[in-house]
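Have a look at the structure below, then the notes.
Naming follows writing order (A, B, C and D), and every chain is counted from residue 1.
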Amino acid sequence: MIKIGIVGCGYWGPNLIRNFSEVKGAQVIACADVRPDRLQFVKQRYPAIEVTKEYNRLLQREDIDAVSIATPASTHFSLAREALAHNKHVLIEKPMTKSSKDAQELIRAAKRKKRVLMVGHTFEYAGAVRKIRELLSRGEIGDIFYFDSTRANLGLFQKDVNVIWDLAPHDLSIMLYALKLSPVSVLAVGNAYVNSSVEDICYITLFFPKKIIGHIHISWLAPVKFRRTVIAGSKKMIVYDDVENIEKVKVFERGVTVKENSGPKGILERQLFYQMGDVWSPRIDTQEPLKIECEHFIDCVKNGKAPSSDGAKGLEIVRILEAVDRSIKEGGKIIHI
Amino acid sequence: MIKIGIVGCGYWGPNLIRNFSEVKGAQVIACADVRPDRLQFVKQRYPAIEVTKEYNRLLQREDIDAVSIATPASTHFSLAREALAHNKHVLIEKPMTKSSKDAQELIRAAKRKKRVLMVGHTFEYAGAVRKIRELLSRGEIGDIFYFDSTRANLGLFQKDVNVIWDLAPHDLSIMLYALKLSPVSVLAVGNAYVNSSVEDICYITLFFPKKIIGHIHISWLAPVKFRRTVIAGSKKMIVYDDVENIEKVKVFERGVTVKENSGPKGILERQLFYQMGDVWSPRIDTQEPLKIECEHFIDCVKNGKAPSSDGAKGLEIVRILEAVDRSIKEGGKIIHI
Amino acid sequence: MIKIGIVGCGYWGPNLIRNFSEVKGAQVIACADVRPDRLQFVKQRYPAIEVTKEYNRLLQREDIDAVSIATPASTHFSLAREALAHNKHVLIEKPMTKSSKDAQELIRAAKRKKRVLMVGHTFEYAGAVRKIRELLSRGEIGDIFYFDSTRANLGLFQKDVNVIWDLAPHDLSIMLYALKLSPVSVLAVGNAYVNSSVEDICYITLFFPKKIIGHIHISWLAPVKFRRTVIAGSKKMIVYDDVENIEKVKVFERGVTVKENSGPKGILERQLFYQMGDVWSPRIDTQEPLKIECEHFIDCVKNGKAPSSDGAKGLEIVRILEAVDRSIKEGGKIIHI
Amino acid sequence: MIKIGIVGCGYWGPNLIRNFSEVKGAQVIACADVRPDRLQFVKQRYPAIEVTKEYNRLLQREDIDAVSIATPASTHFSLAREALAHNKHVLIEKPMTKSSKDAQELIRAAKRKKRVLMVGHTFEYAGAVRKIRELLSRGEIGDIFYFDSTRANLGLFQKDVNVIWDLAPHDLSIMLYALKLSPVSVLAVGNAYVNSSVEDICYITLFFPKKIIGHIHISWLAPVKFRRTVIAGSKKMIVYDDVENIEKVKVFERGVTVKENSGPKGILERQLFYQMGDVWSPRIDTQEPLKIECEHFIDCVKNGKAPSSDGAKGLEIVRILEAVDRSIKEGGKIIHI
C-alpha cells in the first residue's frame, strides 16, 4: 500500500484525495494546508485522514511514501525540494516550478534520492488527447502542417501567475505530447488589461521542426469558455473541442473540391458546392484523466517506472513559459529555446 | 441613370451585375472579360448587356459613367488607372492594388479627374459589422481590450495572391471600420504548406493605440468554414460569428463571478457556478451587403459624395498587407506602419 | 430536345426554370402566370422564353412536350388534367392534389394518354435522404424502431393550405422513401392559432408495419428554423439535421454503457461516464436536389421510364394528408389508411 | 435543528445527503438501504451518519423529524405511509406513487398527522424553469399557443417503471408549474422496443384550457442527450435547452417578415431575408436546484408552510401518468383527467 500526503487543499487538492482514494494500492493518510477552514472541510469528508497546518509533520511521518503538491505555483519548488529531502516520491501540479533553474534542481534531487518525480500534466492522461496522439503517430492525417489551440475563459484569475503560467501549460503539454516534438523557438505577444502587471491575454507562436507551426491563444477575458484545437495535415484534419460533451475529437477527410459556380446566384453559392469528405468522431475513453494520472503515479512509485510526464517534461514546459515571458517583454522577439 | 461597365465576370462579377441591376438609377450596360465562356454566360442571362473581350472598347464608350473592376488583384492597378484616364468613376474589388505606391497613384489620379474611387470592402456594408461599429461607438462594451478574428476555409486557393492578400482585407477592413482606429505596427507569422511559394496560413498581430491588440488568424487549410470574431471590453464582450444564420452578433454582459466550490465534486464543478450575465443578440439588417455597397457607390457618383470605403481606406489596408508580408519575410519582426 | 412550359412563376417557378435550363436535352420555352409582374420578371431574366397570361396558349403550342406546374395546390388538379388532355407530360409540385379522388383521376388520365406523371417530392432527390435510404436498406442500423421528424419555421404561412398540406408532404415523402414502407394508420392533433381556420401546428403519429412508429411535428410557429430527423434502430441511430451546412447526416454507434457513479459528486456525474461509440458523418452529395429531380423527369420523358416519385407516390401522400385532416377533425382519432 | 433520515442510497440518495448537509438548520443523521455496499459507501464518506438495513430502526428514532425517500418508485407509497405513521415529515422522489389512489391516501395521512408531504419535482426549483414561469406570468410572450418538450437519452433504463414514469414527471411538472394550468385531457402513443413489456419511447399530447397544447416526447432510445422545450406565444417565443451550459433560456422577438425573393437565386434565398428580431438570453440562477428544494423542505418543516411541490401536485402528475398509460393501452384514445 502506497501511503500519500496531499499538500494544498484548495480547488485541486480534494480532486487528488478523491482520485487517489479510488486507486488500488494507494491510500491518502494525511493532508496539509495553511488554511484551517480547508483542513476542516477535508476532515469532515474524510475523517480518517490526518490533517495538519505543519507541512513538516507530514514529511516527518515515515509511513508516508509520496506527496502530491497542489499549492500555488510559487511554492512548488521549496515544497518539492523538502519532500525529496525526506525521501518522498513527488507529484507536482503544473507548472512544475516558476523557473527552469528550480526545475533542474528538483530533477537532480529526485535522481540522487532515486525517487519518482512526476508533473501533473493532466491532459496527457485524457482520452481525447491520447486518441489524437495515436492518430498523429500512425500518420492518419499525413504530414502535419499546424497545431492551433485556443483556451479562453472568463474570470479564472490567479493571484501568483499570469494567464500564461496558468493556462498555457495545458496547451503546451498537449501539443508536445501529441506531436512528439519539441519547439525550436517561440514568439509571443501578451497584454495586461484588468490588472496592469499581470498578463490576461496572450498569443504564442511556436516553431517546430519540419516547418510545423504551433499557435496558442490563451485568455482570461473571453465571454464564453472556449477550448478548441485544430490540427491540419496533408491528408486529413482534426478538430478537438473540449467544451463538447460528445464528439470531442473529429477527423475530417480532405476530399474537398469547391466548384466555382458561375451562375448569378449570389454569395451563398460557394457553400452549396462544398464537397466535404466523411467526418469521423472516434469513441473517446471517458475515464476521468486525473484518475488515470493518479494510477500512473502509483504504478511508477510501486514498480520503479519513469513517469510519462516526468521532471524533464515539466522542465521543458517551464523553459517554454520563460521564453514566452521574455518574448513578451522584448515586444514579440523570437526566442530560441 | 448611371451607366456601368463591369470588368471581370468570374465569381464576383455576376454578383456585381445582379446587384447593380437592382439599384435605382443604375444600369449595367457592358461587361468585359478575356474569357469567351464567361462572356457567353453573361450574354445568356443578360442579353441586353454588351459583352466584349476588349477592355478598351468598354472604356471608349462615352455613355459609360463608371466601371466596377472584379479581376485578379494584380490587374487592379492598370485597369483602374486606364478607367480614370477615361474619366470613369471606379469601384475596385479588394485588395485595391498589389502595392501602396500603386494605390497612391490611383488616389491622385481620381482626385485630379474628380472621379469617385471606391474599394469593395463589402463587409463594411454588412448589417452585423455596422451593428458592431455602432455598439463600440456608443461605449456599449466599455474600454476596448482586444479584437480577435479568425477566418478559415478549406480549398479556396487563389492563383495570384497568398492567403493574406486574399482573406485578410476582410478582417482588416472590419477591424479598422469597427474600431475607428489605425494600427501603429504589425507582426506576422505565416507559412506555405501546399504550394511552397504561397502562404496558406497566417497569424497577424496588430498594435493599436490605447493598448488595443488586434489579432487575425487566416487559413486556407481549415477543416470547416470558421468565421469568428471576439471583441472584449471592460464592461461587455461581443462575439460575431458569420457562419451562423441567426444570432450572428451576441453581446455578453460581464457580470460573472466564478465561485470556487470546495466540495469533492470533481473537475466539472467550476462550470456549475459560472454566473453568466444576460446575453443579447440584436436584430441584424439582413440586406445583402453588396447591394448596399452598390447603392452607396451610385449615390457617391450621382451626388459627388466621398465613399465610406474610399481610396484612402483601400491604401491603408494595402499598407498593412505590405507590412504583414515584410514581417513574415523577416521572421516575425514588428513592422511600423 | 424536350421542350418545357412552366406554369406558375412565384417562388418556386424560377427555380424550375433555372434548373431545367441546366439539364442537357431540355429547354424551357414558355411560362404562364396570371400575374403580369411575375411574367415581366421572367422576361427580363430569360428574354428567350415566351411568357403568357393564358395557360391555354401554352398548352396549345404543339412543340411543348411537358409542363411543370408550380401554382397554388388548389389549382394543381385542373391544370394537370388539362395538360394531360393536351398530351403533355406533367411534373406537379407537392402536394399533388387537394384530394385523393383528383389524384386518382390524374393517374388514370396519364395512363390513358401514356404520359409521364411525376410529383415534385424534391427531398427524394437530396443527397442526405438518399444516403439515409441506402443506410437503412443495407441494415446499417439494425431493426428500425422509430422515425421522428420535426420541421418548423416562423412565418411561411400559405394562403390556400394549412401547415399540414404545406410542410408534411416533405416529411412524409422522406419517411416513406427512406423506410420503403407505407403507414397502416395515422393519428394527428393540430391547432390553428394565428388564423383560426387554418392549422399552424400539428403532431402526426404514423403506424407502420413491424411496430415502427413515425412521428412528425410541423409548425409555422417556431422561433427558429428547425429540421431534425432521428431514426433509431436496434444497432445504430441516425440524426439528419437539414439546417446544418456540413455533417447533415450522422450515424451513432450504440455501444453505450452508462455507469452509475456512486460518489457524492452530484447531478453532473452520469454525463461523465457516457460511453459513446464512434460517430460517423458520411460525405453527402451536395448537388441541388431540384437539379437531379429535373434531370430525372427529362430522363423519364425521353426514355419512357416510370418516375421514382410517380403519381402513385403522390396519391399515397395525399391519402395520408386526408387522413391527418380527418384525425384532427375527429379529435385525434386513429384513421386507417 | 431538523434531523433527517435518508431512505435509499443509490444514485440520488447521496445527492440528498450532500445537499441537506449544506442546508442551515438541517442535519442528516441516518440512512437506510437494503444494500450493504451502499451503506458502506455512505459510511466511508459520512462516518457521523448512522447507517442501517432496517428502515424501521430509522423510523423508531424519535430524534428524526423527517425522512427523504429516494428508493424505486414502487416502494414510495408503503415507505411514505409508514413514515407518516411515525409522525415524520416526508419528502418523496418523483413519481410520488405508482397510483393516484396511493397518492391520495398519503395526502390524507399527512393532513391527519399534520406533517409536511413534499414531492421532489426538482425542476420546479431550477433557475431556468423559474425564469420561464416568471416570463409567462408577466405576459412577456403574449397569449400562450403551445408548449413542446423533448427529453431523450440513451440507456438510462429503469427496472420498475417505463420511460413515461421515469422521465415524464420532469416535463409534466415543468409544464404545469410554468403554465399555472392543469390539462383537461391527454392522448399518448408509446412503444416498447428493447424490452417488449416496458415502453421506451412515448409521445404525449396534453389539452389545456385556452386552446393551449402541450406535447412531450420522451425516449430512452436517442443517440444523444436532448432536452429542448419550445413555448410559442402570440408575441414572443421561448426556447429552453437544458443541455446548454450557457444561454439555457432564449427569448425570441417575433418581428419576422420573410420576403419572397423572386430572383433566380435558388432554394437558399428565403434564408437571406429572414427578418429576425432581437434574441435575449436572461441570466439564470445557477444554484443547484436540489439545494433549493432541500432548503424549501426544511423551511416548510420548520415553519409549517405548505410546500410548492406538495402532495396535491404529486397526485396531479400521477393522475396524468395513469391517463397516459391508459391512452397508450387503448391505442391513442383521448383520456379525460
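Annotations for the structure displayed:
Everything below uses one rule, namely that contacts are C-beta pairs under 8 Å (C-beta built on N, C-alpha and C of every residue); 3 or more make two chains touch, one makes a residue touch a chain.
Just so we're clear, the structure is a prediction, and the values are computed from it rather than from any experiment.
With C-D and A-D as the two chain pairs, more C-beta contacts join C-D. With centres computed as the average of Cα coordinates, no chain lies farther from chain A than C. Each chain gets one centre point, the mean of its Cα atoms, and the points for chain C and chain D are 38 Å apart.
Centre-to-centre separation of chain A and chain D, using mean CA positions: 39 Å.
Looking at chain D, one finds that residues 18, 45, 224-225, 245-246, 263-264, 266, 271-272, 274, 288 touch two or more other chains. On the chain B side of its complex with chain D, the touching residues are 18, 245-247, 253, 255, 263, 271-284, 286, 288.
On chain C, the positions that touch chain D within their shared complex are 10-11, 14-15, 17-18, 38, 41, 45, 145-146, 148, 152, 154-156, 187, 189, 191, 193, 201, 203, 205, 211, 213, 215, 217, 219, 221-225, 230, 232, 234, 237-239, 250, 252, 254, 256-258, 260, 262-264, 266-267, 270-271, 274, 288, 290, 331-332, 334. Against chain B, in their complex, chain C makes its touches with residues 45, 47-48, 224-225, 243, 245-246, 263-266, 268-269, 271-272.
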